[in-house]
Each structure stands twice: as C-alpha cells, then as structure tokens.
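Across the two complexes that follow, chain A remains constant while its partner is chain B and subsequently chain C.
After this line comes the complex of A and B, so read on.
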C-alpha cells in the first residue's frame, strides 16, 4: 500500500495526537503545580507570616511559604519546626501539619513551616511513578495531601549545573543544587532554593530562635535512619531527649552532625546562628530503592513484600515485618521526638531562656498501640 | 534567569527541527516517533514540566 499520498493526512493525525497528549499531560502537570493544599490551623496558632518577610526576593515566587506561629501564654524559649524539607518524606510534612492543627503551646513560642521547600511540592520526582496525593480520613471528611519531590521544581530553577559548588567550596552532583538541605545557609539573591534557605537562616537569626528541628525520612536501607542528627552545641540536650524517647518506647540513635558535610540544616544552622540545630529521620518504605510500586497504600501503610524480604536478609536499618512501617507510626516518632526535645530544652535552658511546652499533639503510643490515627488529630 | 531563557530558546530550536523533520518524513512510524519527541519539548518550552 502506497502511504505517500496520505502523507499530509498522516502528518495532521500525528500533530493532533501530539497536541492531545501534550494537552492531557500538560493539564495534569499544571494542576499539580498550582494545587493549593488545605491546612486548617487550630486554636493554638496565634498568627502567621510569609517566609518572604525574611528575604524579599521570594515574594511572588513558588519558594514563598507560610510560617505558623504558636505563642504560649507564658513566655519562654523558641522552637522552629521544619516539615516538608523533602516533600517525598511525608511524615515530616504531616507531623508539622498536626502541630498546626491540634497543638497548643503552653509556654514559649513554636514556629512551624509545613512546606519548607514549597517549590518541591509542585512536582514529583521524574521516573518514580509516584502518586501526586495521599488521602487521610478525618472527622471533617477525606483530606488530600501532596506527595512531592525531594528537590525544587526544575521549572523554578533550571538548568542544573554538572557540578554544584556549595558556598563553602564543597562539590556535589548538579541536581543537589535543588535540594534545599544542601544549600544552607543560603544566598539572598542566589538560586530559588538558596534564597529559601537564606530566608530560614535569616529568620532564625532575626527572631533569635533557640532550637530548630528539621523533620526527615530516609530509606529503610540507609544507615542514618530512626536517628537524630545533632550539631555539637545541641549534643548534650539531644542526649537527654534520646533517653526520654527510649523511655517512651521510641528506639532512636544519636548521630553527630558531620563537620565536613556542608549545606545541611544540622551543620549550617548550628554554625551560622545561635540555634540548637537538630534533624530527625524515620524509615520510609516509599522512599527507598527496594520497594514495589510507589502507591498511596505504600505511603500510608508502609507495607511492602520486598522490604519484608530485605529485612529477613538483614539488609535494613529499621525493624520491619508484615506490619510495615505506617505513616501514623512515623508521624508518632516525629511528634514524640519534638515533645521530648522541648522537654530536654526546658530542663537544660529553662532557667535561662524559659520553657517550651506544647500539648494537644498525639504521642507515639497514641498512634501505635493507642487505637488512634493521625486523622483523629486533623481538623 | 538568562540561562533559563537560553535553554528555552534551544528547546524551541529543537522543536522546530523535529517538527520540520516530521513533516518531511515519509514513513508513518518515524512521524509518530517525532511526535513523541515533540511532546516533552513543547511542555518544556511552555515551562509546564
């Protein structure tokens, strides 16, 4: 059959097909980028401001984000919680949201940023086939939350260099330039990611925030997991917190912040501000390399037969069996950790700086054996 | 910012070349092939993905 005489017709069909595919895919990408995640602040939130107040270059960009302020009736120390540094690590994001929606500060001031790298919430990691959203049942109905990417959206910051040279001179692979936890202390007029980290550093300095916690997750096969990483100035306080966590049934190791690994919160915020810099990691099966399909069920239940097998073979750094590692359990670890470090801060520095006390958020026990789910604490 | 504009200009140039090649190509399979390449280029030029 001679198709040459249909050449123009075939071209037209191909062009229409391309436009249709581009239209469908483009709408999906566009909608996800502009999706507005709903966070319903509880009565514990006393005010909010925008991160761009601490770097005007962020105004009107996808890097700007809301900071929730929870001020206690009693004066005391101050604490910054960073959730959503990496939006593909949902327990940090959800722990921060739970604080905003159900927490109440009795003493001191707690600042919560649930979407630290807001740009990274506007896309997924390429070639991971990750869902855009996961859903949680609450009293007010089904709530939808974003499962984003580890790094800022390339639309906001492109192209990546072959090699990313941190301001300290450290070199990393080019894509790490969009990983906010490699760009601290940040650059005021640098890349978008550097501008965000600069704003956070500047905010901590300006508000003289006493303690900072960056909430993360890691692959179960990664050694630094179920761990707290502490800057050397925060080590004593973190040691006290670890003991309390062990008493509460949360197995947690304590790692010193490596002096030569630059750009991370626990290193740079500790070096460039007066804050006591901490970072916590839980084990997230949807993030590692050994799991099956990246589904919403995997994100929430954390059950995966391949990880079960890997655990049997001794390849994992977290306890793992057929019960998986649920999102509720991982959020419980983060929240219990924050509470214990607030207590440790109050014990060590309470006389000098005042206590930090937050109530109303679930404990690790509540979210594991207590019969509660995270949905019970969301509005 | 300037780098991004240069990058988009390169993507546009690639888009034009591939579109021209698709138009000139006789084999339907190669036309479809070119169309598949055009989709990500178009989304990139428009800064949607």
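After this line comes the complex of A and C, so read on.
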C-alpha cells in the first residue's frame, strides 16, 4: 500500500489524536493540581495561619500552606510537626492530619503542617506510576487523600539545573533542588522550594519552637528505616524517647544526624535554630524500587509479593511478611513516636520550658492489635 | 509463569512486531508496546500514565534539539572545517597523542554537563572531521566519539548516574573524583588507541593536506571560532567557575548557535533549524516512547519483577548480574538504569566501599547510552560522522564496552582495597 498517497490524512489523524491525548491528560493534570484536599480540624485546633506569614514571597503561590495551631490550656513547651514533606510518603501526611482531626493538647503548643511541600502534592513523579489518591473509610463516609510526589512540581520550579549546589557547597543531582528536605535552611527569595524551607526555618526561629519532628517514610530496602534521626543537641532526649517506644512495642533505632549530609531538617534546623530537630522514618513498600504493580491497595495494605521475596533474601531493613506493612501500622509508629518524644521533652525540659502533652490520638497498639483503624480517628 | 513476566513478554513482542514487521519508527513501537502492556495488565488505556511517563525526558529533548541546531550552525558556517585543518596541520606527526587529546576534548562537555549527548553533539561533532581526515573510517570515528561521550558523562566533576544512585541511598556526591578518574581515564585512552591508532598511524599527510580547507581560515580568521569559544566560555563560567547563574545547556547551545550565524559562511538559518530538528526527531520520539514504556512497566509491576529477578540471583553471580542487567536496562535510559537497578545493587553491595562501588555502578550504567533503541551516544555519534546504521557503531564499540564492564566489575569487587590505597 502506498502510504504517501494518504500523507495528509495520516498527518491530520496524528494531529487530532495528539490533541485528544493532550486534552485528556491535560485535564487530568490540571484537576489534580487544583484538587483541594479536605482536612476537618477537630476541637483541638485553636487557630490557623499561613506559612507565608513567615515569608511573604510565598503568598499566592502553590508553596503556601496552612499551619494548624493546637494550644493547650496549660502553658508549656512548643512542638512543630512536619507532615507531607514528601507527599509520596503518606504515613507522615496522615499522622499529621490525625493530630489535627482528633488530637487535643493539654499542655504547651503544637504546630502541625500536614502539607509541608504543598507544591509536591500537585503532581506525581514521572515513571513511578503512582495513583493520584487513596481512600479511607470514616464514620462520615469515604475520605479521599492525595498521594503526591517527592519533589515540588516542575510547573512551579523549572528547569532543574544539571547539578544542585546547596548553599553549603554540597552537590547533588539537579532534581534534588525540588526536594525540600535538601534545601534547608532555605533562601528567602530563592526557588519556591527554598522559599518554603526558609519560611519554616524563620517560623521556628520567630516562634522559638522547642522541638521539631519531620515525618517521613523510606523504602524497606533503605538502611535508615524504622529509625529516628536526631541532631546532636536532641540525642539525649531522643534516647529517652526510644526507650519508651521500645516499651510500647515499637522497634526503633536512633541515628545521629550526619554532619556531611546537608540541607535536611535534622541537620539544618538543628544548626540554624534553637529547636531540637528530629526526623522519623517508617518503611513504605509503595515507595521503593522493588514493588510490584502500583495501586491504592499497595499504599494502604502495604502487601507486595516482591517485597516478601526481598525479605526472604535478606534485602530489607524492616520486618516484612505476607501481612505487609499497612498504612495504619506506619501511622501508628509516627503517632506513638511523637507522643513518646513529647513525654521525653517534658521529662527533660518540663521544669524549664513547660510540658507538651497531647491526647486523643491513637497509639501504635490501637492501630495494630487494638482493633481500630485510622478512619476511626478521622472526622 | 508470573503475570508480570507475561506482560513483559507481550510488551517486548509487540515492540518487535512493530519495529521489524510493521517497520514503524522505534518511538511509535515503544508507545504501542506500552499500550499493549496496559491492556494485558488490566489497566485499560491510562492516558494520564502514558503522558506522565514522557515527562522525564522533556529537559533531555530540549538539550538534544538545541545541540543539534548548534552542530548544524558550526558545520555550515565553516568552523568545523577550519578547526580540523588547524589541528591536523599542528599534530599530524603524533597520531597517538593527537587521538588521546581528541578523546579528552570530546569528553570535556560531558564532564561538566554529565550528558553524553552534549559531549557527542558539541565536541564530538567538532572532532569528527579531524578523525576522518586522520584516515579513520566513519564507523571507527563514530565509535571513538561515542566512547568519548560515555567517558565524559562518567568522568568528574559531574556524574549524574552516580548522583542518582547516591541520592537513592543518601550518599553525598563527595569523594568521587579519584574513583571516577581511575575508571574513565584508562578506558578513554584504551578506546581511542584501540579504535583509531592503526588507521591514524598510516595517515599519508601529503594526501590529507590536499583535502584541508585553508580558505575558510584565510577568509574569516579567528572569528570563525567565536561560537565555539562562546560555548566553552558559557560552560566554564556556569559549571566550573560558577560566576554566573546556570542558564542551562539548551540556552547555551542557542546563544552559541546565534553567534555562529554571523561569524563565517552565510546560510539560511530557518532551513538549518528545520534540518536540525528533523534529524533529531527520531531520537526525541524514542525518548517519548521509552518514557511511556517505563511508566507502564512500573504500573503493571514489570519493573519490580525485573529488579527482583536480578537481585534474586545467588550472591556469587550478583556482581555479574549487575554488569549485564544495568547496561541492558540502560536500553531504556542510562539514568533510568542508575535509578531502578543502580540503587538496589548499591544496597546489595553495602559490604564493599560505598563511594567506589557507586562510582563503578555509574560507570557501567553509562553503557546504557550505547544500547538500542535509545542509544543516545551511539546514534548521535553515527549522525555526526555520517554513518547510516547505528548498529555498525555498536559492533565497533563491542570490545571497549566489554572491557568497560569487566573493568567496572573488577573495580567494584576490589573497591575496598582500591579505596584504601588512595
């Protein structure tokens, strides 16, 4: 068949086909970028403000995000919880939302940012084939939550340089420039990601926040997992917290923040502010490179046959079997961790700065063997 | 047989059918094989996933298209002829030294950008006429340029596969200079001499001299070289000295090409741009197809199946598995191979020296840029030397590539001892 005869017709079909594909995909990306995730604050939230209050450059951008303030009746220390630093690590995001929706602060003040890198919630990582959303059953019905990307949206910050040079001089692959946990302490008028990290650093300094916790997940084959990473000033307190976590049935290792690894919260917030900087990691099978088909079930149940095989071969740094590593269990680890570190802070610094006490959030036991699910704690 | 294996076989089968039976362009074949993978994997036709997969290569496509415009401009302005003439006149008596110098020149843009494409399309295209004038056949010249591109992308100071692997396990890009030099310099010298010394030694200068185009230099003087100087200057100022903000490779190529419009022979710029884009379209199409292919592999679990199959091999053959699977996976992208296989393998080899192991893995991963269908270094090297079929270049490079894999594996195996020595 002589296709040259139909050259114009073929071209027209290709153009129309491309436009149709661009239209369908474009609408999908646009809708996802502008999706408004619903967070229903509980009675524990006493006020809110925007992160742009601490860097006016963020106003009106996708980098601006809501900070939830939970003030106790009794004065005390202050604690900042960062969820959603990496929106493809959903247990950190969901633990922060659970605090906002069901937590109540008895003493001190807790600041919670559930969408730390808000821009990263507006897209997914190319070639990771992640679902846009995952769903959780609650008393009020099925709730929808966003599964985003590790890095800010390139629409907000593009192009990446070939090499990202952190202000300390450390060089990383160019795309890491959109990873907020490589940009601390941030730059006031830098890239959008640097502006966000600057605002968080500035907020901690201005409000003189005593303790900070950055909630993360790592792939199960990554050595720093089921771990707390602590700045050297926070090591003693973290050690106390770890002991309590072990008592509560949560196996957690303690790692010192590497001095040579720059741009991360546990290093830079510890160095540039007075806060006691901590970071927690749980093992997330939907995040690594070994998992099978991507799906919402993988995010929620954490069950994957390839990770089972990897566990048998000794590749994993978390206990893993046919029961998987559920989102409930991972959220439980984070929440129990926050509670224990609040207790440890109160024990060590309570006399000087006042206690930090939060109630109403589920324990690790509640979400594992206690017959409850995270949906029971969401509004 | 696992579901993932069936999906993978279907994807590969559809790709082969489209390529060899229907004679469709490789990019289109990859897109159709991705669609087939979706359907067999029970995912329907997820338009969003197919498009999202291509996003990984937007920046690469910009570099390719602008580099190609630059290459065409320096060729049409006469700068290539002029530079070749000068180099041959000065160094024709010392072919071995000349070959090594040419290799280092080809490597340079890759060293500072981390891209073999940038190296091949900029310095590679400039050195191609020199190699041909030295009496080296087009295929060998393309092979030298392609190997130079690979060595350039691996050599310090910028090595993106190593940064990607390091980033995956939180190893900062510090202390990589020596291992990367130990890996690249010997292989660069070996490749240049192995592929080019024999014909270059037989060069009859009296015959070559007659072919040299001296008129260009006489007519335009040193101003003919200005676009090349501008490109080198922009690279140096942004990447090495960092005195001005990094404007990105695409803009550097565009600025240098714009300058080239006024420094030599006159030519039709619109026609030149059209030619450049036309010649780079197949590769850009391949990259789009590859993006869809990888996304669907991840979506359907084929990626996990491949990674676990490699990691599931007995410990004794795991190193060999890395040496085979990483370059093969590089057929879709060397950076993809570094991320998908390089990270798990570096974790599997944690008992070795981490930095030297990552350096070795990145060295092996660079071979992905020679693997069809993407084969960025190989395809562009073929283009700049006028070789029609890239497969001839691949065949020519086979021995240096095998040496690279063996050397890289030995380097990883003895990484602790080598690191201790330095």
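One rule holds in what follows: the second predicted complex is superposed on the first by the 373 of 379 C-alpha atoms of A that agree within 3 Å, B and C clash if a C-alpha of one lies under 4 Å from a C-alpha of the other, contacts with A are read in each partner's own complex, and residues count from 1 in each chain.
Please note the rule applied: a contact is a pair of C-beta atoms (placed from the backbone, for glycine too) under 8 Å apart; a residue touches a chain by one contact, two chains touch by 3 or more.
This is a predicted model, so every value here is computed, not measured.
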item: Which partner, chain B or chain C, touches more chain A residues; value: C
item: Touched partner set for A:222, first chain B, second chain C, both or neither; value: second
item: Touched partner set for A:155, first chain B, second chain C, both or neither; value: first
item: Which of chain B and chain C A:315 touches, first, second, both or neither; value: second
item: Chain B versus chain C as contact partner of A:379, first or second or both or neither; value: neither
item: First, second, both or neither for A:10, with chain B first and chain C second; value: first
item: Which superposed partner A:18 touches (first chain B, second chain C, both, neither); value: first
item: Which of chain B and chain C A:253 touches, first, second, both or neither; value: neither
item: First, second, both or neither for A:29, with chain B first and chain C second; value: both
item: Shared contact residues on chain A - chain B and chain C; value: 21-22, 25, 29, 159
item: Touching residues on chain C, where the partner in the complex is chain A; value: 4, 41, 47-56, 59, 62, 113-115, 158, 160, 163-164, 166-167, 169-170, 172-174, 239, 242, 246, 248-249, 291, 294-296, 298-301, 303-305, 307-308, 311-312, 336, 339-340, 343-344, 347-348, 350
item: Complex contact set, residues of chain A against chain B; value: 3-4, 7, 10-11, 14-15, 17-18, 21-22, 25-26, 29-30, 33, 123, 155, 158-159
item: Interfacial residue positions of chain B with respect to chain A in the complex; value: 3-4, 7, 22-23, 26, 28, 31-32, 34-36, 38-39, 42-43, 46-49
item: Contact footprint of chain C on chain A as seen in their complex; value: 21-22, 24-25, 28-29, 124, 126-129, 154, 159-163, 165, 170-174, 176, 221-224, 258, 260-262, 289-294, 304, 306, 309-310, 313, 315
